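Note that chain A is present in both complexes that follow, paired respectively with chain B and with chain C.
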Partner chain A sequence: MTDVLMKPIMTIMGIFIIHFFIMLQLIGGGNGERTKDQMYEKIDGSSACYRRLNATHQIGCSSNRGGSTGTIHVCDSKRDLNFLLVNGTAFPYIPVLPVKYFNVENLERMIESKKVSGLVLHLNNETLKSLDYFTHDYQCPNPYSSLTDTCNEVSTWNPYGTGLLYRDIPFPIFYIDSYEEVLKMRNCFEKFNNFSYESQSDRSLCSLELKSFMYATTNTPTCRRRSNIITNLNPVKFCDPLGDSNIWASLYPLADGPRRNETKPLKDYKYIIISARLDATSMFDKTSGANSPVTGIVTLLTVAKYLKEILPIEIVREKKTNILFILFNGETYDYIGSQRMLFDMLKGYFPLKGAAEDNILPVIRPENVSLFIEVSQLGNSKDRLFVHHLTKGNEVLGFYEKLVEYGKPLLKFDNVSDSLPPASLHTFMKKIPTFPGLLIADHKHSYSNHFYNSIFDNSTNIGFQYYDVLENDDISIPTDSIQQLIANLSETIGKSVFEEVSQTKYNGVERADVILANELLYCYLEDPNCRVHRAIQRGNKLPKIPFSLYVGVDHVTNFMTSFTSLTLGWLTGVVEKGDVNCTNKPRNYAFKFYNMSKSIVDLNTTLCYKITMNTTEAVSPAFIMPDYNWTSGEFSTWSESTWSEINVRMFLKPSAAHEKMSIAIGCISVIFSFILVYFVKSRSHILFTPPLPTEAPTDC
Partner chain B sequence: MTVVEFFGCTLLAFGPPFAMFIFTIVHDPVRIIILIAAAFFWLLSLLLSSLLWFAVVPLRKDLAFGLVFAVLFQEAFRFLIYKILRKAEHGLKKITDDSATLIENKHILAYVSGLGFGIMSGAFSLVNVIADSLGPGTMGLKSGTEMFFLTSSAIGLCFILLHTFWSVLYFNAFDNKNKFQISFVVVSHLLVSCLTLLNRYQYYSACIVPLYVILAVTGCYAFKVAGGSYASFKVCISFK
Partner chain C sequence: MDLAKVSNEKKLDLCRWYFRIGFALLPFVWAVNAIWFFNEAFRKPEYAEQKHIKKYVIFSAMGSAIWLVLLITWVTIFQLNRANWGETADYISFIIPLGTP
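Our next item is the complex of A and B:
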């Protein structure tokens, strides 16, 4: 009997399965509307706070696996929040709070109340007007990797810093800057939640689900170890080291030769380094760093162009002093970029690993550096700038004198000795205490920027206004604008460096390019499709939002880094004369060749640029040393957790009463039907009179 | 979160058919085969309905069109399985251990195949909906009310039971060439299907109440056709 049965069963099952897949295809391919679409409303345009780890701690936030849910409560004032924390009955809640109430006090109360499972912050116009400060970095940024005693009672660099960026927050936080999305939540809240609070737990409530589950926990070593365990064929990565690339370029090539493929490194040079940092951060996956770092980057690029104009190659060759421009990346997270740069320099890996053996470029070591000039935040000054330094060397004081001299009458420089705000210079001076370095900034004892490393460090913060001008008539750009300040400073630095190199006074009349400063600020703060970016590359149109300045993880190159490196290459590059095809053949590892526009005025004329710019890896040495002692605190150990999805959706959470009713009805239905069917079955012989046997059909 | 709601709805819709399966089907392998074969025939009818819906592009948005043809296809396939079962009766007699009741009381074949039809149709109409109830939310944010899931399950249950009763009536009608019973089945099937169209306007009670009235009427009719009567019912519950 079983054989007879097996065949039709197998056939039927086979057809069943085929059938089922056809059905799935039809359902998937059709324009089906799912019940889910009716139940959930996606909230777009949100940026999450995510988790980072160092050698000892985890910071940031994470949702539960599968998302944290909570009842929406739109708070417009601190009173609303208090009311919720004291009187709320339908917890867990997710307060929707204007961003200005995000501070230590409120956050701690939310954590202590245990009634909060997530937080949504939003921007409103009122906040923008009334915000005096908003910075969540430490009061002393980078406390563990800076020189000791540089941040003290006198010089607390970031006095409004709350340190929340470095707190381990037990619930997810999202930031939403779209007004419409906030309105959606507000309407839902008014419709379902915002009345008779005592009975909230008895009715369906408008709720939010915040999904930002972070895979990494505890600290970087733990997460690295877990990532390296091979348990199956599909290894899981829990965290990635923070990092990107440092950008460097020399004013004139580091190698020279008769023909393109026969260059020799120019050895025994001294180098003046002009540097700035390239990154910023914020609580959320959205940054804006007008004051720090954009003012510094723009100054550096303007100086590069200015020096190219005033300092002829003959002087550089004669005096054997070249200029290096370096943009350090990841400086916000314990000086990742400069730590790696110094590490490479000490090993002889800068500017190129294997430079010594291959004879391509000269090896540059810290002792070859005759002066290190770092440009920091400049946005909150009109004409007064501060030169910070720690060494008493003649180079530094001499350079300060030159700055004062050339700055007249537009700029006033103050000498702040024995002081150094957080800067890449810390890394160098920690290893080499006599390192000749100075830092130019707009602050003396504490940042004049009250929005350091926050989303509000935007163009408004530095009072930037773009002037759409191409001709160099300085009248159109006001003399008290940030563009003019940057141009004046660039000019002063340029002239001082000229004198530093040539040992003679600069007597020319060349001015720094204020139009370039204007354009560059516009590029970084408002529209990446600006003239400079169109001059250096021919890519697709970019969205009109500023580049993210967050350093990111090591295997992803930021737009910021690639565009800035090309800009620096363009400004320091040499135009190849004559009829050349712009390819690097025969290959020369000392240069790159790019077709770029002649100038921002003439975008359509392209020239071939031979450029010296290159990038070096900016990943902390801790991650490349196989036997690094994680507890030593020598190098930055920051890593970022991985995640699979980040999203926010709104829905109606059924009340407990309704859920109980559902399950009760289900159970009653089952029990009742079991009894009834058993009863009918056991008494079917009475219930149904058997039919007459003759009634069988005749046609079979 | 609403795993609770998920279980409530699943139990409501599939509890009674499960009880029927346990007590009346599971002890006889032949009945299981017939149940599955019937379910398969329902699927074939769905395939044809969906092909038709897919082919007639301009009417895709009109649920009523697809619905009417789906009902007609289902009834056609119910007739097909009737024909096949009647042809297979002799073969079944050889392999079943329980030939006396299964073949002699031909309502049993009708009941089993009806339940197969019903279970498959219930599964297909509910699986999508119930799967969506597993998330943290419930209906009511944009449209519908929170009763949506319970209503859907109740309607699903109603259809499973209706299919069972319809098959009993339908098989008997073809055995006896009773045109009235055939048209009763087709018309009531069309009627209840069209009633569910009201759901999208959220007239849940306008749908559920008539549906269960029709279920009760059909149930009584099938009871009578299967050999039951008021007298036998009285005898049955009086425990004499």
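Our next item is the complex of A and C:
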């Protein structure tokens, strides 16, 4: 009787229990957060320092596997940090330090004390104001791939450089620029940690967990080899080569056509190259490169537009001299882009690799280059610029004189012979000592930019202020602004190039477009949804943060590269007249066709542009040569480690007594359960009625 | 298999085969043999085949012990020198640990 009743009751109870759990899930949001993760408070908006490798070393930071933990200690002064390193009892610690105190001396003391397991850097308003310099590149950037004797200890290009970017740091470092997140840590620190330091190790303490575990170690050859081992049961990619794309465009097409999709290359031309670098870097996963490279890029683009206006195609055809605009990528890491470009040029792979002979585009070799003009950092000058060069050739000096002449009265140029700051030109001159090149910059003996390759090389650093103006309004942009400097320089370069090509003086009245310079600076430094970017493409709205300028790994194309390439293409492109099919099908190797706006004023009128712009791979030749000798130091060997997780979490670490008690209770309950089971088993005949022997079937 | 239900000849046969199979670089088979037949060889009252079983058990135990020593030595040497051997060590590894030299 009871059995009959029990069954449905059990079923109903089962359903209830299942319902109960489903309800719990629904109420709890069902986000599947594990109980053990609920004790953490996430700290958002952090950028980690990560690991890179070259042929011989590893640099950067890594946490332990599963994260490095340590007690929070908010330091507001050097004294706080010293106090911690001397008197701290609850180590390991993770100091939370204003960026101002991040220098070689403090870092070395933290490493030596062995009491530090990680570091969090943050920015507060007072430190930014009092920050005179912050640059962690070398004092002589790219020391191994630059020409020797261009930088020595007495006179360095980057005198405030600490070289920390190239140090192998044994603990993770994070940079946090959100004030709220820092406040969260500070409050927790004040509440639990910041009193009676002698007894700190006996209390519950506010702690941080920094996760940035890097897979690769030792050096690039090691991690490349390990990524490619086929006997490996668990194939993991340990590192990726740094690289992206170089951007190039010619002022006028390198080939005639296309007629029935065929082009005829224009051979036996000389080329004037105008170049700039495209990338920057910083200690953390965040960049801002207002002075280097944005001022150079914007100047190059403004020159491109100006030359298109003043230099007619007839002169180019008659004098057989074309202009090439090249933006080199990865230059921060031992000139990746220019090394690859030169490598390709010498093999006859530029501008097209594998094109049979040169029947699509003419092959351009270094000896076809009659002049190489590189535009470097310009942001810290009002009217005085320096022309650096190493060759004694007439081309270079002649061009310098043209710059001086056309620069008057707005710009003053100084001739700095036997000097060359770190630049793509180093790559070319290393291979070809007579290569005719010069570099235009705002500095003579050392960078006037004190934030080179750091997160603070931002628009404030070059004093940029955006003016929301359109055509013919340029009076409102002050004459001493960076926009005007760039426009003036672009105009001077443009006129000088005009004379260089045509061999006659420029007598026109055309001015360089200061509005364009203004817009472009705004695009790169403040809002990527600017007018120029809306003119060249019809994509989705981008977040209002500047593009990352870090070159990144080779299989990812940066936003920076694709937007800049379209901009260069737009400025050098030719409008196709009549009813044209503006697609890239069938594929043509000499041209691309894009629908783009007519101008930044008239965004809604689209025209079909025939564009000469193209990109070439900017991955170091070391990674494409199968038998490259890694120890030769010939090419850049930088690679970036892979990782799975980067984040910062805060939690309350229980006191030692609490931890010991938890483990003791755990042990005791395990032992008791064993004892209990033993007793139950040994007395099972009393506790449970023995099962009845099954009845034998009667009809057997 | 319950050895209590097996005839003595069958036991010897099993033990011999386990011993032979162990030569195919299978030290675990020797270890299993030594442990499984230990009672048969040393703790049971004497019977005709026991002498042979005893022999195989001893040899299996020795074989697996030698293997164990060799393996421990190799693993120790390998783990201590993996980073120094560089390329060679990577090529003879099936699983390469992350984030270690």
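Following the convention adopted for this analysis, the second predicted complex is superposed on the first by the 611 of 700 C-alpha atoms of A that agree within 3 Å, B and C clash if a C-alpha of one lies under 4 Å from a C-alpha of the other, contacts with A are read in each partner's own complex, and residues count from 1 in each chain.
Note that in this section a residue touches a chain if its C-beta (ideal position, glycine included) is under 8 Å from a C-beta of that chain, and two chains touch if they have at least 3 such contacts.
Given the structure is predicted, the values throughout are model-derived calculations rather than measurements.
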Q) Can A:Arg226 be said to touch chain B (first), chain C (second), both, or neither? A) second
Q. After lining up the shared chain so the two structures overlap, which partner does A:Asn234 touch, if you call chain B first and chain C second: first, second, both or neither?
A. second
Q) Which partner does A:Ile247 contact after superposing on A: first (chain B), second (chain C), both, neither? A) neither
(Q) Once chain A of both complexes is superposed, is A:Ile364 in touch with chain B (first), chain C (second), both, or neither? (A) neither
Q.
For A:Ile462, using the defined touch cut-off, is the partner it touches chain B, chain C, both, or neither? Pick first, second, both or neither.
A. neither
Q.
For A:Leu300, using the defined touch cut-off, is the partner it touches chain B, chain C, both, or neither? Pick first, second, both or neither.
A. neither
Q.
For A:Arg65, using the defined touch cut-off, is the partner it touches chain B, chain C, both, or neither? Pick first, second, both or neither.
A. second
Q: Tell me which partner A:Thr689 touches in the superposition: chain B (first), chain C (second), both or neither.
A: first
Q. Which of the two partners, first being chain B and second being chain C, lies in contact with A:Thr218: first, second, both, or neither?
A. second
Q) So which one touches more of the residues on chain A, chain B or chain C? A) B
Q. Taking the two structures together, which residues of chain A meet both chain B and chain C?
A. none
**Q.** chain B residues touching chain A - in the complex, by the definition given at the top
**A.** 1-2, 4-5, 7-12, 15-16, 18-20, 22-24, 29, 33, 36-37, 40, 43-44, 46-47, 50, 54, 60, 86-87, 89-90, 95, 103-107, 124, 128-129, 132-133, 135-144, 146, 148-150, 153, 157, 175, 226-229, 232-233, 235-236
Q: Report the residues of chain C in contact with chain A in the complex, numbered from low to high.
A: 83, 86-87, 90-91, 93-96, 98-101
Q | Interfacial residue positions of chain A with respect to chain C in the complex | A | 62, 65, 213-218, 222, 225-226, 229, 231-234, 236, 238
Q) Considering the complex alone, what residue numbers of chain A touch chain B? A) 1, 4-5, 8-9, 12, 15-16, 19-20, 22-23, 26-27, 30-31, 34-36, 38-41, 67, 69, 188, 204, 206-207, 209, 650-654, 658-667, 669-670, 673-674, 676-678, 681, 683, 686-691, 693, 695-697, 699-700
